[in-house]
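Chain nomenclature is as follows: A, B, C and D, assigned in order of appearance, with residue numbering initiated at 1 for each chain independently.
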Amino acid sequence: MSTLYDFALRMGDSTLILGHRVSEWCGHAPVLEEDIALANTALDLIGQTQLWLGLAAEEEGTGKTADDLAFLRDAWDFRNALLCELPNGDFGRTLMRQYLFDQWHLLMLQALQGSSEKRVSDIADKAVKEVSYHVERSRDTVIGLGDGTPESHKRMQDALEYLYPYVGELFTPDAVDEAATQEGIAPDLASLRASYDAAVADTMAEATLTLPDSRFGHKGGRTGKMHTEHLGHILTQMQWLQRAYPGASW
Amino acid sequence: MSTLYDFALRMGDSTLILGHRVSEWCGHAPVLEEDIALANTALDLIGQTQLWLGLAAEEEGTGKTADDLAFLRDAWDFRNALLCELPNGDFGRTLMRQYLFDQWHLLMLQALQGSSEKRVSDIADKAVKEVSYHVERSRDTVIGLGDGTPESHKRMQDALEYLYPYVGELFTPDAVDEAATQEGIAPDLASLRASYDAAVADTMAEATLTLPDSRFGHKGGRTGKMHTEHLGHILTQMQWLQRAYPGASW
Amino acid sequence: SPEEAAFQDRIDQDIKIEPKDWMPAGYRKTLIRQIGQHAHSEIVGQLPEGNWITRAPTLERKAILLAKVQDEAGHGLYLYAAAETLGVSRDELTEQLLDGRMKYSSIFNYPTLNWADMGAVGWLVDGAAIMNQVPLQRTSYGPYSRAMIRICKEESFHQRQGYDIMMKMAQGTAAQKAMAQDALNRLWYPSLMMFGPSDADSVHSAQSMSWKIKMDSNDELRQKFVDQTVPQAEYLGLTVPDENLKWNEEKGGYDFSQPDWEEFFDVLRGNGPCNVDRMEKRNKAWDEGAWVRDGLMAHAAKRAALKTAAE
Amino acid sequence: SPEEAAFQDRIDQDIKIEPKDWMPAGYRKTLIRQIGQHAHSEIVGQLPEGNWITRAPTLERKAILLAKVQDEAGHGLYLYAAAETLGVSRDELTEQLLDGRMKYSSIFNYPTLNWADMGAVGWLVDGAAIMNQVPLQRTSYGPYSRAMIRICKEESFHQRQGYDIMMKMAQGTAAQKAMAQDALNRLWYPSLMMFGPSDADSVHSAQSMSWKIKMDSNDELRQKFVDQTVPQAEYLGLTVPDENLKWNEEKGGYDFSQPDWEEFFDVLRGNGPCNVDRMEKRNKAWDEGAWVRDGLMAHAAKRAALKTAAE
């Protein structure tokens, strides 16, 4: 398959799986405004998924659709970052996960606006507006809860420590990423890290939270080599109808 | 389909779904002995499921197997009692559900030992030994926790109040049950109630728990007319592999 | 009293009552109850549809469903805001919902059991809701009337989307068609219940109608709903689960069976299939969210204090 | 000391040490650590397999898996009992597991990602465990030796069941075969790690061997495991993920690549794919179970008091 296919799949699987996770909150958020905001975030991510997986399907060129890719692959064929598949945990963990992803997502999309591949830069142009809003919101919430009560502070610090080891994967290029960089499709992942670190450091400082020292990073999601046990459980729900009633039109 | 088919399906679906629920505890029980006991209960229930659904499949006579019935029907075709599909909740709710079911199950199986249908009485002969042990154990635990600390007492009382409205269904015959009674396959469900009430009253007295006044009973599981929303979620997990890889041999 | 007379006079002239206007205590109380219940219904109503968001069969359907549930939360927000103009806070109303003092629409105590329910909820439940709500756009209380105008627009969009799902299902495979019929079977009578018991048995109707809080009789609206819905079901090739359903040329509408009102009152008493689960979920969300609300408030207070200090 | 000499003498004569016998503090301490870690491994080892119990593809497979996990909990029970004879309670050991002072086998920090993992865990992980445990049936400490005899019997049964799953998968559809290969790819090196680092790098080995707490060298056992397993993989038609794997006629065994020992130590430090999740789950089970343990204890105390009063 082409580099563009691999790249689009990685983007689309991340937005798909994170969008799914966020959608699990529906009707259970701590405040009505958060219910709305979470649904809105999930909605944007699913919309972006349609574009990315649509591009991957087009590039694959075997007549498959974005839905086929979303609903008919098993866990080992998914290429989302591990961060996206981690369980929601409490609201703090969900928002911290969101912020850590959003901040990367924004930088990535901004860089992709300059992609040599027009179909990629078009998606980035559309998505970057949504994601600017996501990061604004998740950042505010991380700060509000980090610098809130002692309890909320502790929960956010715990969330940060739990999630931070999954950040490294977002900046660790493999052969596919290097090819994408060479072909001008995507930026060098590692080159985004400095801006990311600066932004996150700034946010955490305002949130009175301490970034973990360790740079240890789990990996295996974006290559598909080793997902967590959680992904398989997501798929049992997400793909249920398509698996149980193959070929039906919905 | 025959009365025997319908009857075997109701028995088998209840043991299947309850067995599945209990198996969800695996590795998460409060004490090691309970992990073992819960796994053992689940194991017995799955074993009984093989017999009941095997009988139903045989009776259906279209070459289907017990596995086909377990893994390839959707929610509305299931005939388990609603009690069996309710979520585990805390350990107290799980054990209370188990006791309320076990006590019925034992009386039912004892009556079924006298079934006019030999295949039914054979299953009952085998299962009654296992279930005598189940009820002994779940009864002891309900008593121990009901008559334990104030917290354990409260949790068990809450569990009883949550679950009791699902007991009535076990004793409410419909046309299928009446046919089964007439054909001598199964006892009159309503006739089991007095012994059940006596046994439960005795257990709850020892457990210092108060039976709810209301005889209101949810129904719809054994007829398939209205399951809870929980059943569909059980199936997404339980049937995943069979749905995703149809026709494979495991 | 002269105030009451002047108040009724304004209502009769179709002049809207606004928050700062004088109003009878009963009017305020009835409105709070009605708007509050409506708001709660939007909130609890997220749950039966939320139940299928993680299982939506296509990306498009998932997006549509998410947008719909988001709209419902938004409706809750407008309605709580309208209630707040009457002097009751959202938190007070929420507490009354959570401890059972206030109700929400009984329909949400029924489960969603297959994907076609996502269609049937839009088609039947939103359909019945709109039937109730359209007249309320002309209700006498200004903020309520304006909220209803906004809500009705979105609801009719939802209804069309629901009908679209039903169409796909009814025209789909045998299994899909069976799901559609099953959904209609389960949701038909609960939808008829949404208009409330027959007016003969309804307590507050007369006063509410003269206050223009209630605009039409329950039975009229129910008839209108049946007359609108039956042809739609026929178009889908589905059978309304009512043996007595028959066109009555004379009255220019359908004759139909009443729902089981005993079941209705049983559900109101808390014995519906999902009452306990719905309230357990809402209470859990509220209790587990306490630290979030506290945290965000504490932060806002710190910010405000900083700002004050800087001035 | 003369006691130490007598103790070593008994060991050298293959006379079992029993709980009431004198033993050196180091012997006791090492045994507690080793038996405790083994017990913890059985407990934590329930989780990766428990992950698939609710997704087992047939009733038969579900029953087999349940029975297996039940056996593992049983092994935990024997082993904690053996450790208790050395003067440490199960609760103390559990607390040390939960707060990270004690370890469990690193292999359980790898995820189970497809159904073939249920085969591969039985075949490779239980296979490696048995290779470690068979010699321990002859270990010097009586209760430990007896526990190992019982456990080994069940483990070899599990291993056969695991191989049977692998066979089904390897002979199944293309997708099933791919799952089997994927499972082997992920679990091969972690299984080799189960024998511990090369003896050259192993700290306590010499003393443990003279005490007969450790019976064979890590490298010997690893070689034996590879020699046994490679032909089994070939029989399944699967490829061991090692380019350097080659039969060495001279040594009468396979040459093979070492696992990534850096990864091994990283996993020990807590950075394996599942360390955090495994411990989070065990802690949650323990914490949420506190009221149950307290309740049952309180009840037992009441019973005992009643009985005393009656006497």
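Keep this in mind: a contact is a pair of C-beta atoms (placed from the backbone, for glycine too) under 8 Å apart; a residue touches a chain by one contact, two chains touch by 3 or more.
None of these values were measured; they are calculated from a predicted model.
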**Fill in**
In contact with chain B and chain C alike are the chains A
**Request:** Look at all chain centres (mean of CA atoms) and spot the one farthest from the centre of chain D.
**Result:** C
**Prompt:** How big is the gap, in whole Å, between where the Cα atoms of chain C centre and where those of chain D centre?
**Reply:** 56
**Asked** Which whole number of Å gives the spacing of the CA centres of chain A and chain B?
**Response** 41
**Request:** With chain centres taken as the means of their Cα atoms, state the distance from chain B to chain D in Å.
**Result:** 34
**Asked** Where does chain A touch two or more other chains at once, residue-wise?
**Response** 74, 236-237, 240
**Request:** Specify, in ascending order, the residues of chain C that touch 2 or more different other chains.
**Result:** 55, 175
**Complete:** Among line, ring, star, complete and other, the chain contact graph is other
**Prompt:** Where do chains touch, given as pairs?
**Reply:** A-B, A-C, A-D, B-C, B-D
**Prompt:** What residues on chain C touch chain B, complex-wise?
**Reply:** 48, 51, 55, 111-114, 175, 182, 186, 266, 271, 273-274, 276-277
**In the complex with chain D, residue positions of chain A that touch it** = 74-76, 162, 165, 216, 218, 220, 226-229, 232, 236
**Message:** Using the touch definition from the top, list the residues of chain B that touch chain A in their complex.
**Reply:** 74, 233, 235-237, 239-240, 243-244, 246
**Fill in**
So, in the complex, the side of chain D touching chain B is made of residues 43, 46-47, 50, 53-63, 66-67, 69-70, 73-74, 76-77, 80, 90, 115, 165, 168, 172-173, 175-176, 281, 284-286, 288-300, 302
**Asked** Which residues of chain B touch chain D in their complex?
**Response** 16, 20, 23-24, 26-36, 39-40, 42-43, 46-47, 49-50, 53, 66-67, 70-71, 90-92, 141, 143-145, 147-149, 151-153, 155, 237-238, 240-242, 245, 247-250
